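Structures follow.
Paired with chain B in one complex and with chain C in the other, chain A is shared by the two complexes that follow.
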Partner chain A sequence: MRALVLRRLLTAIPTLLLVLLASFALMRFAPGGPFDGERPLAPETRAALEAAYGLNLPMGEQFALFLQRTLTGDFGPSLVYRDFTVTQLIADSLPVSLTLGGLAILLALVLGLAAGMVAALRPGGWADETLMLVATIVTALPSFVTGPLLALIFGLWLGLLPVGGLGDGLLSAPQYWIMPVIALALPVAGAIAKLARAGLAAALAQEHIRTARARGLGTGAIIARHALRPALVPVVSYLGPAAAGLLTGAVVIETVFALPGLGRYFVQGALNRDYPLIMAVILLYAALIIAFNLIADLLYGWLDPRSRA
Partner chain B sequence: MKRIALPAAIVALIALAALVLPMLLPWSHDAIDWDHVRAAPATAGHWLGTDELGRDRLARLAVATRITLAVALAAALVSMLVGVGWGMIAGWAGGRTDELMMRIVDALYALPFMFIVIVLMVVFGRSILLVFVGIGLVEWLTMARIVRGQVMTLRHRPFVLAAEASGAPVRVILARHILPNIAGVALAYLTLNLPGIIMIESFLSFLGLGVQEPLTSLGILVKEGADDMDVAPMGLQVPGGVMVTLLVCLTLVGERLRDRFA
Partner chain C sequence: MSLYRLDAMGVTIDGRDLVRGVSLEIAPGECVALAGASGSGKSLTSLTPFGLSAGTITGSAMLEGQELAGLDEADLRKVRRASVGFVFQQPLTALTPHRTAAQHLTESAMQAGGARPDRNTLVAMLDAVGLADPAIKLRRYPHQLSGGERQRLMIACAIAHRPKLLIADEPVSALDAHLRAEIMALLTRLRRETGMGLLLVSHDLASLEHHADRVLVMQGGQVVEAGAAQAIARAPQHAYSQALWAATPSLNAALPDDLHVPGAPLVEAQDLTVRFAGNGLFTRPVIAVDAVDLTVHQGEAVALIGGSGSGKSTIGRAIAGLGPVSAGAMLWKGAPLPARRSREQRRMIQPVFQDPVASLDPRWRVSDIIAEPLVHLRPDLTSWGRAGLVKKALQMVELDGALADRTPAGLSGGQAQRVAIARALVAEPQMLVLDEATSALDPLVAVQIVALLKRLQRDQGIAMLVITHDLALAAQFCHRAAVLEAGRIVEQGPMAQLIAEPQAAMTIKLVAAS
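Right, the complex of A and B next:
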């Protein structure tokens, strides 16, 4: 177990470096810069600005400096949000994104596992057919369609829920979270339902389950004690890609529902060529995806002892 | 075939409408009807009404669907070529080459690709070509994995061994014996890739980074509709509906093809 963690952490380092190098190179060698405004700056002003942000150093040196700072948790000042450091911006927006993503994956797991279980009890029955069709439809629903549609129906027409924003604090007003979380969770819930159904149906068809049934165990006990753990394996191995999907979806959801999260800063940062901000967000996303994949692999080993090598 | 026919027919119908409608309608997708700005549906020959600039919504919808489908198909083909090529080489070569090639795929899976595509878009300008390339580069990974697995099982089948023993060159074996046997799976994953690509393209367009005016795509129409939904909800519902129908039908066709071949 410890060897696995160590090996994965070691392979994560070159991946993260690659991400950093690629995005750094991409942004620096591209035309256009953060100080290109409506009016061209005077050459002296421009030079002074570039010197102040270290943009006049040789590329290799800039990258080395960047790495060194990053390791100490200092991502530098934002080039667009003056007077804010990138670390500050991230510290403000990361909790919003994590709350959104965490609630969404929780909801997706609850809905998906419940639907998968009901469907797997009678493979081929009407509940199975209906639920799986619904799961397919829900998986294919893009969050940028469901988000605005939900806002239209429950926000504008029925007036039940606020259409955007966060209220006063992070969790002070739960009604602000309902629509964003549902819109983000639905596609993931659909995918989990399908995986859970397939895993559970396969597990329930095995011989030790028949033995348990013959011994007179009830369906609930059989699922809880014997079938659920192996059935969760495909669900857990999907969690890594699911996390990536949630991060991408969150960008749209945060834009649609005006949530001050990381995704919105990323889009704004990319549009404004706010180099330090983009680099920090990309690094964070890559690290999150790697972390999620690692957690998924660890859970995998716990659920299926055969995979522990 | 029965369960595939219905969703496939719906996709074909939408595609046909997207191709034919612009030729039948008296308005082009960017022509402005000054007398009927924000017209309600079915006024003055505008079946779906006009948008805030007086452009015919039906004509825009048809052109948007056309472009979305074209981008998806082109990007899916790119990703299929790369994925099938990569997977075949890795699966056939085996050993260290295979190990290295699959490690690269694993590493790429871990990248936040969507964000790199966004940065690409911002940095190198917003051309349709770049949308293709960017999406095609993201979507080949799963295809490569699946094809590699298939090739590895085919590798030791008697007919392949026989061809090898009779001295057929590798190129011929791959083209004549391997490729026909993975065509079905490749087709299934090509279809399954389409909805994913449509989502990425629309996602980029939604953020204002994809297809640019005067061209339009379903993602742009959904975005415009969402901005305007308090006064003209149809502007969101109709393109959103078309897009969801396409996505659901393509997913159903792809899943059912996959269940058949894999």
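Right, the complex of A and C next:
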């Protein structure tokens, strides 16, 4: 297992380099630049700006400079939010996105696993049919529908919950988190419910379940000790990569509920050609994807010892 | 007083009577065996009274004076938990893959309300079933144990709560031949020591004479013959019992004297070595086949005998050109065979695999399956020419031409294996590589396939490499045998000599077990 972790960390380096190089090239070859506004800038102003941010250097040198800075943890100043460094922007917004995504993953796991288990116990029963129908619906509903719908019902009509913002601090007022977390969690919960149901139904059809039944174990013990772990394998393969996306900013939910998270920087950074900002977000996202895939692979080894090399 | 008693018991699934009128009685310490081909209802008879099959029972099943018929799942669960242990056929799939030996044993020891066993108790439990290095084996997962070790663990679990009755459903049929006798002896010793009754389901008829007190022979859901094990084994009365007994290969039978006379060397493997790279940076490669020399002459049948993991299938695949070769030379009629073989060279050696149903594409018609090799190996043929050869191949394997339009799903196991053999024969090869070609089949069907192979060998002079774990089966139609252990040939020679004077320890074990 130590070998697996070591190997993954070593291969992560070229992977990240490749991702950075590709996104750097893509961005630079896309038309437009950070200083293209409604009114064209005077040529000398533009030249001065480009010189100030090092954009007049040859491309290779720019990339090398970027890498060098990245290694020291300095992504430089944002080209659009001119008074902030990229590190500051991320430090302010990442905790919001991590909280939102983390809570949503937890809720989705609880809801999805519970629904999947109940459904798998009696395949074809009324609970199974109802739960899977609900799961399909919430998976199919996009969050730009559920988000505003929740805000409309519980925020505006019933007046129970605030429709947006964060209050004073990150976790000062839990009621601000309820709707965004639910809206973000629902489609994930639906997907987990379907995967958990299929996984558990397959696990319960295995021959070793008959051995467990032969020991006179009850349904609860059979699921907990003999069926749950293999049933979680598909859930982990789905959630591993999905978690990286959820934690680095759910753009739609953050926009709908006016949460100052990372997601909007991702979109705006790309639209504004804010090169340092977008590169930093991409690096973060890629590193998280690699990390979560590694975690998923370590989990596979625990869920099914046969998959350990 | 009887421990377990079935009285005119039947099994119904969805309104169909699959087992009818079975009566038997087991006293403490006794072993009663149910014998029969698959589909005869012996597994249903053994498992259904305890709620472990999809069926329900009619008639009466009494365990220690308690009537099992009509009990609901909750009550049956109590019965299983308290008084019955179960051993299943395939220990690899019957044990939970993510639980260690210690976890399996602990759960079993506590199922009847026993205290949580400490480490010493667990070690003693594994020791009692003859597992070597029990302290180390406790930490192992099922897939890290060998086949025999897994079945010993399965037995240790089944008796951990000291059941009165042990149900063993084909406990040895998935094991290598030389392990079967050991596991059967273990079961016999345990029931004598603990006084538990044993209901044994088996088609390994040869061993029943020594390990069972009484035998019930089942066919089509009914008992056709019942009596003392020794009496039935020595003189079966019913025609079906006789056929079943005759189908069990035994070394006591005379070796055939009408085999085809072998000619010049056909295939020679010299110093054949196959290594599999470990799948990590830090793992060492596995040597599956270690410098093996093997020759098959024209018209000769050579058996490659060994336990699972001995490398026999790897050798077969290398010779058929289907698997990797790491080092060594391969000759065909004295000329070297290149790593990438020509169409003509591939045509000469054709494989037949173990599981006929799994190795045939379920969506193809039989005639297309058989014709497929011709499309690739004989591009010179017209579709008429192909149809002619398909017809001829069907005749060679004695299959009804009407089956040609069916898909594999519409075939029995024996018919499917005949199709697989016809597929191998259709391109008119000079040699077949048969990898456990009968071990997935029922004994009654296997004996017919063996007869077919023997006829093909004798009349057509087709050379064969017969990969098997069953020495007695190979003895019926092979000239020579090579015994493999851990990737090396430990002994090779004419069949008669190998059986009469085995030299290597592995061969002695195999001869003793057959």
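Heads up, the rule we're going with is that the second predicted complex is superposed on the first by the 300 of 309 C-alpha atoms of A that agree within 3 Å, B and C clash if a C-alpha of one lies under 4 Å from a C-alpha of the other, contacts with A are read in each partner's own complex, and residues count from 1 in each chain.
Operating definition for what follows: contacts are C-beta pairs under 8 Å (C-beta built on N, C-alpha and C of every residue); 3 or more make two chains touch, one makes a residue touch a chain.
Since the structure is predicted, the reported quantities are computational estimates derived from the model, not experimental observations.
Once chain A of one complex is fitted onto chain A of the other, the partner contacts of A:278 are limited to chain B, with no touch recorded for chain C.
When the two structures are aligned on the shared chain, A:226 is found in touch with chain C, with no touch to chain B. In the superposition on chain A, A:267 makes contact with chain B only, not with chain C. In the superposition on chain A, contact of A:145 is made with chain B only, not with chain C. Considering which of chain B and chain C touches more of chain A, the answer is B. In the superposition on chain A, contact is made by A:286 with chain B only, not with chain C. Shared-chain residue A:189: touches no atom of chain B or chain C. In the superposition on chain A, A:214 makes contact with chain C only, not with chain B. In the superposition on chain A, contact of A:304 is made with chain C only, not with chain B.
On chain A, the patch touched by chain B and the patch touched by chain C do not overlap at any residue.
Those residues of chain A lying in contact with chain B across their complex are 11-12, 14-15, 18-19, 22-23, 26-27, 30-32, 136-137, 139-142, 144-145, 147-149, 151-152, 156, 241, 244, 247-248, 251-252, 255-256, 266-267, 270-271, 273, 278, 281-282, 285-286, 289-290, 293.
Chain C meets chain A in the complex at residues 50-52, 77-82, 84-86, 88, 90, 93-99, 107-108, 111-112, 141, 143-144, 154, 157, 278-283. Taken in their complex, chain B has these residues touching chain A: 107, 109-112, 114-116, 118-120, 122-124, 195, 199, 202-203, 206-208, 219, 222-223, 225-226, 229-230, 233, 236-237, 240, 243-244, 247-248, 250-252, 255. The touching residues of chain A, counted against chain C in their complex, run 3-4, 7, 206-208, 210-218, 225-226, 229-230, 303-306, 309.
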